[in-house]
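In the two assemblies presented below, chain A is common to both, partnered first by chain B and then by chain C.
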Partner chain A sequence: MTIVFQLLFTGLGVGAIYALVALGFVLIYRATNVVNFAQGEFAMLGAFLMVIFFGDLGLPYGLGLVISLIVMAIFGAGFNLVVYYPLRHRPYLPVVISTIGASILMSNGMLALYGPAPQTLPNLLDLPGLLIGGVFLDSQYILIICVTAALVGFQYVFFEKTLLGKKLQATSQDKEMASLLGIPVATMIMITFVYSALLGGLAGMLVAPILFVSIGMGGLISLKAFAASIIGGFGDVAGAVVGGLSLGVIETFGAAYISVPYKDAFAFLVLFAFLLVRPQGIFGERVAQKA
Partner chain B sequence: MRRIGNAPKFRSMLAMAGVLSLSVLAVAAAGAARADDIKIGMITPITGPAAEAGRYAQWGAGMAVDEVNAAGGVMGRKITLVIEDDQTTNPGAVTAFSKLSSQPDIPVFIGSIRSTQVHATENDVLKIGKPMFIGGTDPTLTQAGNPWFFRARPNDSYSAKVIADFGVNTLKLKKWAVINSTDAFGTNGSKALIDALKAFEIEPVLVQGYANQAPDFTPVVLAVRQSNADVIGSYFTFEQDLGIFAKQLKQLGVTAPWVGSPSITNATALRLAGPALFGTYGIADFTSDSSPEAKAFATKYLALHKVEADNQSSWTYDAVKLLARAMEDAKSTDPEPVRKAILAIHDYKGLEGTYNFDSKGDGLHGYNVVKNENGKIVFTKHVDFPG
Partner chain C sequence: MTTPLLRETTARPSIGQKVPRKFPWGLLLLALAIVTIVIPVVHPFNDYWMGLLRQASTQAIAVMGMVVVLGYAGQINLAQAAFFGIGAYSLGLGTLTLGLPWGVALLLGTLLAAVAGAALGSSTLRLGGHYLAMVTISFQQILTLVLINWISLTRGPDGVSGIPRPSILGLDFKSNGDYLALCLVVLYATGYLVWRLKRTRLGRGMLAVRDNELAAGVVGIDTYRTKVIAFALSSALGGIGGGLFASGYAYISPDQFSFGESVVVLTMALLGGVQSPFGAVLGTGLLILLPEWLRFLKLIYLAVYGAAVILIMVFMPEGIWGALTERVRRMRPPPRIVEGDVPFELGGTPDTGRMAMLEVTNLCKYFGGLKALDGISMAVERGTVHALIGPNGSGKTTTLNLLSGIYRPTAGEIRLDGKQVAGLPPHLLAGAGLGRTFQNIRLFTSMTVLENVEIGGQRPNLVIPGGDAGLRHRALGALSFVGLVDRAGLPVQSLSYGHQRLVEIARALAGNPALLLLDEPAAGLNLTEKQELVELLRRIKAHGLTILLIDHDMNLVEQIADRITVLNFGRRIADGTPQEVLRHPDVIAAYLGEVTDDAAA
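And now, the complex of A and B:
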């Protein structure tokens, strides 16, 4: 029984990582109707900034975190201006290609700047973890689950209960209509990119103690996060979280009881099944309405 | 406005000056290699992901060249390296070799440490018919009938034998869990380890593959725990995977001794996994404490280059020394006499071990076993097999 609980905890921890990155996907998708394929690279960049400010320059953890987040916010704004904004009137495909190009540029840029060697970051909390009834709870996984839960709550309240959130939603649904209503569309989109860069960067900093900091870390998580957002229903906050968590749990149990080497296949089998049977995902009605 | 109008002219003048100064430099560099020097063509990554390792390879080879020349050279002639960049790619390796092999005054070569790039140059080396030292450890490279490949590192067929031998005979442990990456390297390594254990009439209690770049190893660690294995043998390809596995092994309370393939001893793995790897064993082709020769090299290398020596530099050092010795023994730089002289080398104490060439061109037949003692790699024993 302890094994089942151990697997469940790890599955939820891994799932929370997917969910965290999936939230970034959802956010940009809701505001621009475009999938940002550089979301995983935001995570990579955030983790490397933390390595630079905390590891190399020796700043205190909290200060390093704040400076890294500020840099991420500026980067998010720049990303919007360079990668999205010039193509905003084009169909979604050129924009998607533009984000893919940006992701390649980001990972290779970091490779040129920092070299290929993977780096480490310590756990934020000093204690390694808790041992409860034979089940080991890694403190970093606990932290990731908590942060994900907090961000989901924040994002829900933000989108559903605040005027700014509603303006962002309106922008996403119909840009022309939104601007006719006096919503500053360009600013809304700028806010979205800044927030989603922050989110991505934070995800990278949180997973760094577990996955280490490497050039390829973004690609590793974002593919699964993308699958998670489709399973959950693209564009839905709750969907991203449920999709992420279930993907993590399915993967971990599948690995334990069916096959470890084919673990990744389970994620994509589930994705395939959803695309076949319920392409709008678990919480998908809203997307169907949008379309 | 005039300045803008003149800009292209100025720029082209600047470019011309640049080209001129570069060609002057090139002539100066060429001047360093005198006409009667014996040239050793070397293919190594100067650009690409392995550029760092390529620099170490050049440093190692360069130190050997200096030592050979200081001791009087080969047949009274100085030796020099002619280096071409393989860009860490297969096409790059092929181009680099064709540039080198088109120079008739280069009698011998040093190839890549990566097996796939050695494979890429295989046919061209066979066509040219001149000796090449390689560092790639895929056993088939020397066994596929190319008489011009000679290896200055132990091949992979020995790594599994050494892991099994050390676990069974030294640690006296019989319940094995074999963990491996499911890529070509890990799968072949695991197969070889299972075969090596069969020689001791041992069937592993667990053989568990995993896909590279996994974010989590809990299911694998739990499988090890449930199998009640008392020793772990592993073939990990990427240090990140090894680091995550090592940490989770500790977290979930698995304390069985662990004997890993060389990746467990490399600097990246030590940095990533930290204390999680303390107390583990690994095999390594170069360890500074394995012999007085290795120790002397490591000290000199550190003083010259401010970096700890590793196998990237030790094998090219050995390769240059072996080539120099073979040409000296043969009293010739002609391919066939040099080939015969290399195969005749026995009991040569190099940095990677004692070279005894077999008929296939493999010089080494064993590995060092090392232990991670609080983050420091400590030489434990050398295990050799009859070639």
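And now, the complex of A and C:
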């Protein structure tokens, strides 16, 4: 029984990372109706920034984290200006292709800078972790779960209780109407990109001590976060969180009881199953086309 | 309705003007193809360059697949390297492990790729485009995992070596020169077929789906089937290319078919121009040769590809070939398709003697708790113009969307000429004889006026004799009928708003519908245009066609409607002749505001 709890804990930790990246997906999707395929690369970038500032330059962890987040925010703004903004009036396909181009550029640009060898980062908290009833709770996993919970809570309060949050919601629901009401739509979209880049970057920084920091990590996280958001119900914030957590758990149990080499395939199999049986996901509602 | 433009151009002096001979591009290309096939056979050159060309030609076949699925049908495929890999491994393992003849192994790979593509497409193509992007990437990742980890089948990361080259019908393709010639033959044949496809019924259907999926369904195209076919064709082409590639190199390994390679294929298609097989060849050639010239980029070439994808999307979305052909097209005057009008037959649908062309009984549509339509009944009599009016939000467009199959009714019956049609998908309703226009015009924007109308003429169950020429004649007839035949060759987007409305009507008429649904046809028209529309509707009616019309414009409705049904808040509040209905107190209340007892007192 301990092993089940151990796997559940690990799965939730991994799932929290998917949930963070999936949240970024969902926010950009709601603001622009476009799926940002480079969302996982934000995580890759965040992890590498920590490697640069903490590992290479030897800054204190906290300072490295803050600088990395600032760089992520600037990057998110630049990403909007280069990849999304010039194409904002075009159909979704060119924009999606453009974000795919950006994801390739980011991962391979990092490859050119750092080479293919994976990097490592130590745990943020220099604590040994907890042992409760035979279940070992690693400090980094605890941290990930707590940060994710805090961010989900923050996001809820931000969107529901603040004026800026309401403006962002209005923008995502009807850009034209929002613009008529005097909401600066372009600024709202900019904020969304910056916030999503921060979410993605933070996910990468949190996961870095658990996984190796590698060029390929972004693509894989992207795919799983997207799968998570479909499972949860695409475009739905709660769905992204529930989908991410369930996917992390499914994957961990799959790797433990079925097959390790095919660990990464479980997410996709679950995704296919959902697409066939319940494409609107757990929380999603089917929206009819309008003429 | 002869427009001034027509008179002007027909009166153009033709004396002393030579008829320009069409340049025989086809013959030139054929000659070029034969020369490039013969050279490596009779005079093989440097093995390194022949190897590059072999790689380029096999990859170009896969890129042609992208032309079909992305260029024609507008659906993304980020797993073309996976389909390429299925073809390659089928050929390698088929010949080596199973001992199949070369041709059979190639066919097997092609079929497997097509089946995988069809399965992937049929599970996802009903959903939005981003699902497809993600599912194809997932498929790509799973295939890579399988190739690496299922060692007993695929031989794992070491790959498969010693893959043979074929002899076909006593001809031997073992030498590099001969094999290159074989690859080129397949490439040219594929290119020709892909080019032809665009000019077939299926190909036009794909373009229509890409341009406007909703309108494509309503004019009679089975959009889902069209997309799945496009996807299967595309993956089949990936499979053929992969098979030829495997035997060309004699050695394959999983990393040759990774996601990165799918991205390379996508970049090739986008750079060259995804609308045309020429673009596919151009893009592939450039991206195979460029790394040779830019060797110093080797380490970061994928990063450069990524940047190139963004730049192409921002600055040159139609690719190099697309930009070139667009430039040439702009320099030439738009082609005149015909001089003068073409006769048109309308209303040839058999008279079943039934009075009602359309019978709606107790039709309901609920969106969650919202009753958009709550038990509507009405009958449209054969050969009449019936108007459906009502204030905003009264359920008019919902009714039209139910009638044309865009929504499924919650309850109720719809009979078209006696046949129960409620809940059928749009293309089957079109097949049953329903034509429709949209309130916000939905044309196939990348096409010419004529092509738009031709698609209307190829609806299911409508037999037009004479094949493509007959279809063209029919479409020109429909354009003559609405007075736009002189604009047939123009891109539809260059037309004015009013003329675009007429093209939509012509598109519906080309399908010779039993019932024509017009959703606010007068919206956005000026007074003259409105009067022309009234004339046109009268002429349509004179041909015996039944029309159901939605409009706000009471003046228009009064002029042409034989009967009016009024909706308010999803219910029918009046039904009768214009005189009866427009004096009906409920109707006046609905339009001018309820006169309540309080207000009266």
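By our rule, the second predicted complex is superposed on the first by the 276 of 291 C-alpha atoms of A that agree within 3 Å, B and C clash if a C-alpha of one lies under 4 Å from a C-alpha of the other, contacts with A are read in each partner's own complex, and residues count from 1 in each chain.
One rule holds for everything that comes next: contacts are C-beta pairs under 8 Å (C-beta built on N, C-alpha and C of every residue); 3 or more make two chains touch, one makes a residue touch a chain.
Since the model is a prediction, treat every value here as computed from it, not as a measurement.
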Touched partner set for A:D264, first chain B, second chain C, both or neither: both
Broader residue contact with chain A after superposition on the shared chain, chain B or chain C: C
Which of chain B and chain C A:F212 touches, first, second, both or neither: first
Chain B versus chain C as contact partner of A:G129, first or second or both or neither: first
Touched partner set for A:I104, first chain B, second chain C, both or neither: second
Which of chain B and chain C A:A227 touches, first, second, both or neither: second
Which superposed partner A:R278 touches (first chain B, second chain C, both, neither): neither
Touching partner for A:T10 - first (chain B), second (chain C), both, neither: first
Chain B and chain C footprints on chain A, overlapping residues: 111, 220, 261-262, 264
Touching residues (chain side chain B, partner chain A) in the complex: 49, 52, 182, 208-211, 213-216, 218-220, 222-223, 226, 239-240, 243-244, 251-253, 268, 271-272, 274
Footprint of chain A on chain C - complex, ascending: 74, 76, 78, 123-124, 126-127, 129-131, 133-135, 137-139, 141-142, 145, 148-149, 214, 259-260, 263, 266, 270, 299-300, 302-303, 305-310, 313-314, 317, 367, 397, 400-401, 404, 406-407, 438-439, 442, 519
Chain A - residues contacting chain C, complex: 29, 34-35, 37, 82-83, 86-87, 90, 92-98, 100-106, 108-109, 111-112, 219-220, 223, 226-227, 230, 234, 261-262, 264-265, 267-269, 271-272, 275-276, 279, 288-291
Residues on chain A engaged by chain B in the complex (per definition of touch): 3, 6-7, 10, 13-14, 17, 111, 115-118, 120, 128-129, 136, 138, 207, 210-212, 214, 216, 220-221, 252, 255-256, 260-264
